[in-house]
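Heads up, the next two complexes both have subunit A, just with different partners, subunit B and then subunit C.
Now for the complex of A and B:
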């Protein structure tokens, strides 16, 4: 999605192929880098300091390949796009924010939806705060969160609200749809207000609307009269869905041709060097000849990588994958070892222009690029850098792609 | 005397039968408006209500409909001029034959006109009527062969009607040609009407008729002798000309008689003229007697249906009249197939060979079902009825003016009431677990399995499912359920979980499967590309095949209650 956005912003004729991937799993928090080194688990309130340190310690890390200017521009363009598209995000340019996870832990992140911003302040000041959840809601428990945080935040209280209109198991998105109605938000604000009891901040699961999230959040906050913040739920989360909807709606408007229900069935590098892709669904297909391609196919869940019995393979071009020599080395014997697992750093090795390379460092194809979590030498889960890696590497790959002369692109019959 | 008895018997059967058919319109009940058991009293009430409604509506619009839709059939001309030509040829051809030929004793003779069947214009008009009917029959046969739907759904009634019409006309043509030709008839006529004992004069008349009037009589004198021919013509003018015009005006029969002329004596010896007369007479009488019991009844029912419909749509009429209109519609159908040509779901017939999907066939099935609720056609009718999307095109196109849309809606309600509702009705009689207990005994027929997508049996369909609940989250059906477990039994991701555990029987009867609106949100949002909506759809098809045989036990229908 990020690569398509940056390509479209540069005026590149772009086709995006493939399912929507794991975006619905996103918490809505856009991490840049929060932890380095992984072994010590050191938190970095300032991401740029962490980046500088990372470049010294891990010269193969994708962040080490990019310039700071590229990174700043990537963030700037992405946040501007989201805000302009009606999903305002906020970030402090020089520092990470602290956010509450759905299980009650705290993490560092770089950019957050405006509806979550107040959590950073609340975590810092720890005022009397009311955490609200809903009867039957899956993937979110105010009591669990409070149990984790109460040691350092004694003024934290919880309450559970029933939603009489929604009985039984309640998925976050179902509740979010319910709160798409303004009168429901008013009733919710009224119910919360009756239980405020001096609370100076209120935390809600991230379910306040899907498409009218902003105005409805403001409505509830205004009626409560205290800062309100959303806390991500477990996946699939509503903030992830808001991101997905925003990209799905806006990318075609920017000229990107999206083929979400299709997949690249076959990729060919022809003798003349042209890239050809057979794009197909269950029922039909067509061929595309492109000037360049960016592999942003993700890792195992996204099906960019495939773990065979003894080796990890790249699914589309069978590109060389950086990986441990033996399967026995994929995972550390200790599941929770601070070093993490070697398999998490497996992926595609790239050169300075984000082109996948062989073991000897030669690019596999001059116009084939890679971005995102498929890249090697990073552990985005432990380093808290998933979104940042996706956004900045996509920007860098598109920038390299844009230097290629025009021509060759087009679609043709099989 | 015997022939008169046969003819009057046929007429009586036709009249009584027609009255019986018309009476049936008030007897049977179609639709929810009036469900009291059929009885004479109920029929009388219905008849009275109908009379009241008709008299209140006035005669202006029905009479206009009679003129425009029946006499000129302009509503057919608007859509298809070929069909209009066919209809007009059949209708007016038969009118000519019936009025000027079959009923000549009652129509022409009482008028005192100079009528003899062998005089013109009557002979010419008879042949004109014959060629019109034959043209209409030929066009009807051609339409049946050219239209793929009609080709597959031709009924015995259609064939019988066309055969009767053709047999009546062809036997008439042959009879007339043999009569023109027959030496025996000539001799008999001479004996009766030629008042001359002069052999020379009689022979001259024979020669004249043989050479100029196409008779098969053998001329003993030379036919090129001008004096003999002049004498023959004189005799003809004296004794024959008053009743006989030149047979060439019988433009159908005369060429046939010319072709048969070499066989004239032999045909006489065989008594063919008598045989053909009886064939023609019996065919005509049979046609008349069968009028109320065959497709010919539409000659009465269709104009009445058109006139009644001119009074306004079914929903605008009095409730008592609605059932009558529907019953009338059943009889007014000519099985022309136009409704099926324009039916929005007719294409499904290619995949599901149930004729009751097509409106032209469904009306026949409905007729049989109203006669006998236990008829084997009931299940066909139920399946076909609920495939209908109520687009209304059949009503719009029906040349007989039947409000088919109203008929389907009413009969659907009757089907539901009698426990023959659509699958999503009877599936609700039990929950998923209850259905599962019976489903095990009804594995999917391999023949039906061949028509599925095969997703349920393919492990690769589900291997990527991580039970992330995205499908359930985005599902609008789950979103509107007050309590998903109570209202839907299972959520989409739970159905997927059962499928990957090969516990599909537990999912077959789940309301989620049946309430799925196939919006494909689940499939489009699945991060793992699982074909959730396709699987639900496949499950639904499988459930119909597997659960329908065990469904009647669970149906709370009136029938089932009655049997209990």
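Now for the complex of A and C:
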């Protein structure tokens, strides 16, 4: 998604192929970098300091391959795009923000939806605060969150609200749709307000509206008269859905041809060096030739990589994958081992222009680039850098791509 | 009719003075719980002490095969005959714990022809029925079988649920006045005049120590029997053989399928409700603790199993686990008359050095023969006590209790659908386990004197055993337990960690293809978002 955006912003004729990946799973938090070094588990309040140290310690890390300026521009363009598209995001340029999780832990992240922003302030000041949850929303318990946070935040209270109109189980998306009606928001605000009892901030699960979230959130906050913040939920995640909707609505307006219903079934580098892709749905397909391509196909969940019992492969071009020698080295015996699992650092090795390279360091193809979590030498899960890596490496790959002569010669043949 | 839950009651060790009982049983596996029931039926009071939870040892980490005996006809005919008798008996007395699937023995091209030729005669010698089948018949019965079959026999194997078995044995014992102390490890013995005067326990949850006095002490600690005996100065020469097993995502065959050859790795596929279990291996281990299913074992099991059932090469595996078999090299204290080579009943009163008149050890054996082991041990206990009725477990059916119910695959979903209460949310969507089942388990655990940990709930239900590998149900159950006031403070974090770590042991060796993608989602959620691998301190503070 990020690569398509950056390409469109540069006026590159772009096709984006592929079904929605892990975006609906995303929490809505855009991490840049939270932890370094992984082994010590040290959180960094200032991401730029962490990046500087990371570049020294891990010279192979994708963050060490791009410039600070590229990173700053990438973030600026991404946040401006989201905000202009009606999904306002906020970030403090020089520091990570604190966010609450459904298990009651606190995490540092870089950019958050405006609807989550007040959590950062609340966590710092710890005023009397009311955490709200909803009967029927599984895996989200205000009591659980408060039980842990109370150790540092005694003025935390909880309340559970029934939603009588919705019987039985409340999927987050169902609740979010329900809260897209102004009268429902007003009722919710009234119910919360009657339980405020002096609370100076209110937190609730991230379910206030799906498509037009902003105005509804504002309405509730206005009626409460105190800062309101959303807390990420278990999957399926509404903030992830909002991101997905925003991209899929806005990218076509910027000229990107989005083919989400298709996947690339086969990729070839022909003798003349042209890149050819067979694009298809389940049954039929057609070939597209492109001048350049960016592989942002993700890892195992996204299906960019595939693991057999003995080895890991890249799915489309069978590119060389940096990986441990044996399956026995993929994972630690302890899920939570402080070093992180070696397999998470497996992936595509790239050159300074984000082109996948062979073992000897030569790019496989002059106009084939890679970005996102498929890259080797990073552990986004442990370093807390998932979205940041995707956004900044997409920007860097597009920038490199833009340096080659323009034009995308698409030839469709049924 | 199932006895009500209140039969599973618990008396905590009192604060002052040692606890007293007639027989103290160390180990809450199928042997210890079976012995408690056997004694209770003879009118003898007992207490079972278990350092972790019921079936924490081999009884919770085996293949679940109720042996017809055919597997042992060549290597151990006495054990084979024992299995034949006991499996028949259990099918009659504990049918709710057993799925009487029947079994096949099959050989494929390349397997030892002599063994195949001898097999029917050996079975006949042990009184075991083995009906010959041709390859086509066998494949009609089990279409998953290889086309390269060269011999097939039909036998009376079956699948048994060891959790239900142990929990029902314990529940019945408690109903008759017995007691269970979970999370209480034996850490020492006080000896006097060639007897155990008292046994020292340490409560794993409170850390408190407690003494307990008994007329007779039975060490039923399975692979830990050597360690326990050593605390009393008694020596049992034990070797440890680790076996690993793999659980498939779906049920592959209706019957038990054995490879017709000398027992070896990866040659049995046992159905277990909605899944199948493939195993096993036999690897010497230096200790009964800190064991893992290793990647090379997993690969060997799959490669071997594939020869019988080709789809085992590509099927999805959802979990691996392992257990330890104690191998006893019997010394002179071993009672050869009353026990077969399958298990060892050791009377420490007959030991040459350090004899202890009121101390017995029962170890080795099989799940299939647990009842017989309990019977022989109880006979010896009664002899020592000079009282007690005759054994009744040979004819008295095992009652079906609630305590064991939720481990049965498919039972929770059925019950949920029958109850049809939309407010009863499904906490585990893979295995369809609703809130009401968790409530039930919390109550049962409270009556057994324990706190409701995620691990204990997982042991008693199918939570965390489905394809999501615990990613979602762990947090859903955690949130629910907070909502119900069962948990307070920041206990949830440690609970989630412990539960996910435990599940991970069984996932890590099987992570390729879809399972790896699932594991990525697990780690993304619990580490990427929740940061469970990090010290949960306020990161800005």
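Simple rule for what comes next: the second predicted complex is superposed on the first by the 409 of 414 C-alpha atoms of A that agree within 3 Å, B and C clash if a C-alpha of one lies under 4 Å from a C-alpha of the other, contacts with A are read in each partner's own complex, and residues count from 1 in each chain.
We adopt the following convention: a residue touches a chain if its C-beta (ideal position, glycine included) is under 8 Å from a C-beta of that chain, and two chains touch if they have at least 3 such contacts.
Because the structure is a prediction, the values reported are computed rather than measured.
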item: Superposed partners subunit B and subunit C on subunit A - clash or fit; value: fit
item: Which superposed partner A:177 touches (first subunit B, second subunit C, both, neither); value: first
item: Chain touching more of subunit A, residue-wise (subunit B, subunit C); value: C
item: Which of subunit B and subunit C A:107 touches, first, second, both or neither; value: second
item: Partner chain in contact with A:307 - subunit B first, subunit C second, else both or neither; value: second
item: Partner chain(s) touched by A:147 [first = subunit B, second = subunit C, both, neither]; value: second
item: First, second, both or neither for A:27, with subunit B first and subunit C second; value: second
item: First, second, both or neither for A:236, with subunit B first and subunit C second; value: first
item: Which superposed partner A:165 touches (first subunit B, second subunit C, both, neither); value: first
item: Subunit B versus subunit C as contact partner of A:364, first or second or both or neither; value: neither
item: Subunit B versus subunit C as contact partner of A:261, first or second or both or neither; value: first
item: CA minimum distance (subunit B, subunit C), superposed complexes, angstrom; value: 5
item: Subunit A residues contacted in one complex by subunit B, in the other by subunit C; value: 22, 25, 138, 167-169, 235, 301
item: Interface residues, subunit A side, partner subunit B - complex; value: 19-25, 138, 165-169, 171-174, 177-178, 235-236, 241, 244, 260-261, 263, 282, 301-302
item: Sites on subunit C touched by subunit A in the complex; value: 292, 294-296, 299, 302, 422-423, 425-427, 472, 475-476, 478-480, 482-483, 487-493, 496-497, 500-501, 504-505, 508, 511-513, 516-517, 519-521, 523-525, 527-536, 538-541
item: For the subunit A and subunit C complex, residues of the former touching the latter; value: 22, 25, 27, 29, 34-35, 41, 43, 45, 98, 101-108, 123-124, 136, 138-141, 143-144, 147-148, 151-152, 160, 167-169, 232, 234-235, 299-301, 303, 306-309, 326-328, 330-338, 340-341, 343-344, 380-382, 384, 386
item: Sites on subunit B touched by subunit A in the complex; value: 466, 468-470, 472-474, 478-479, 481-486, 491, 523-529, 531
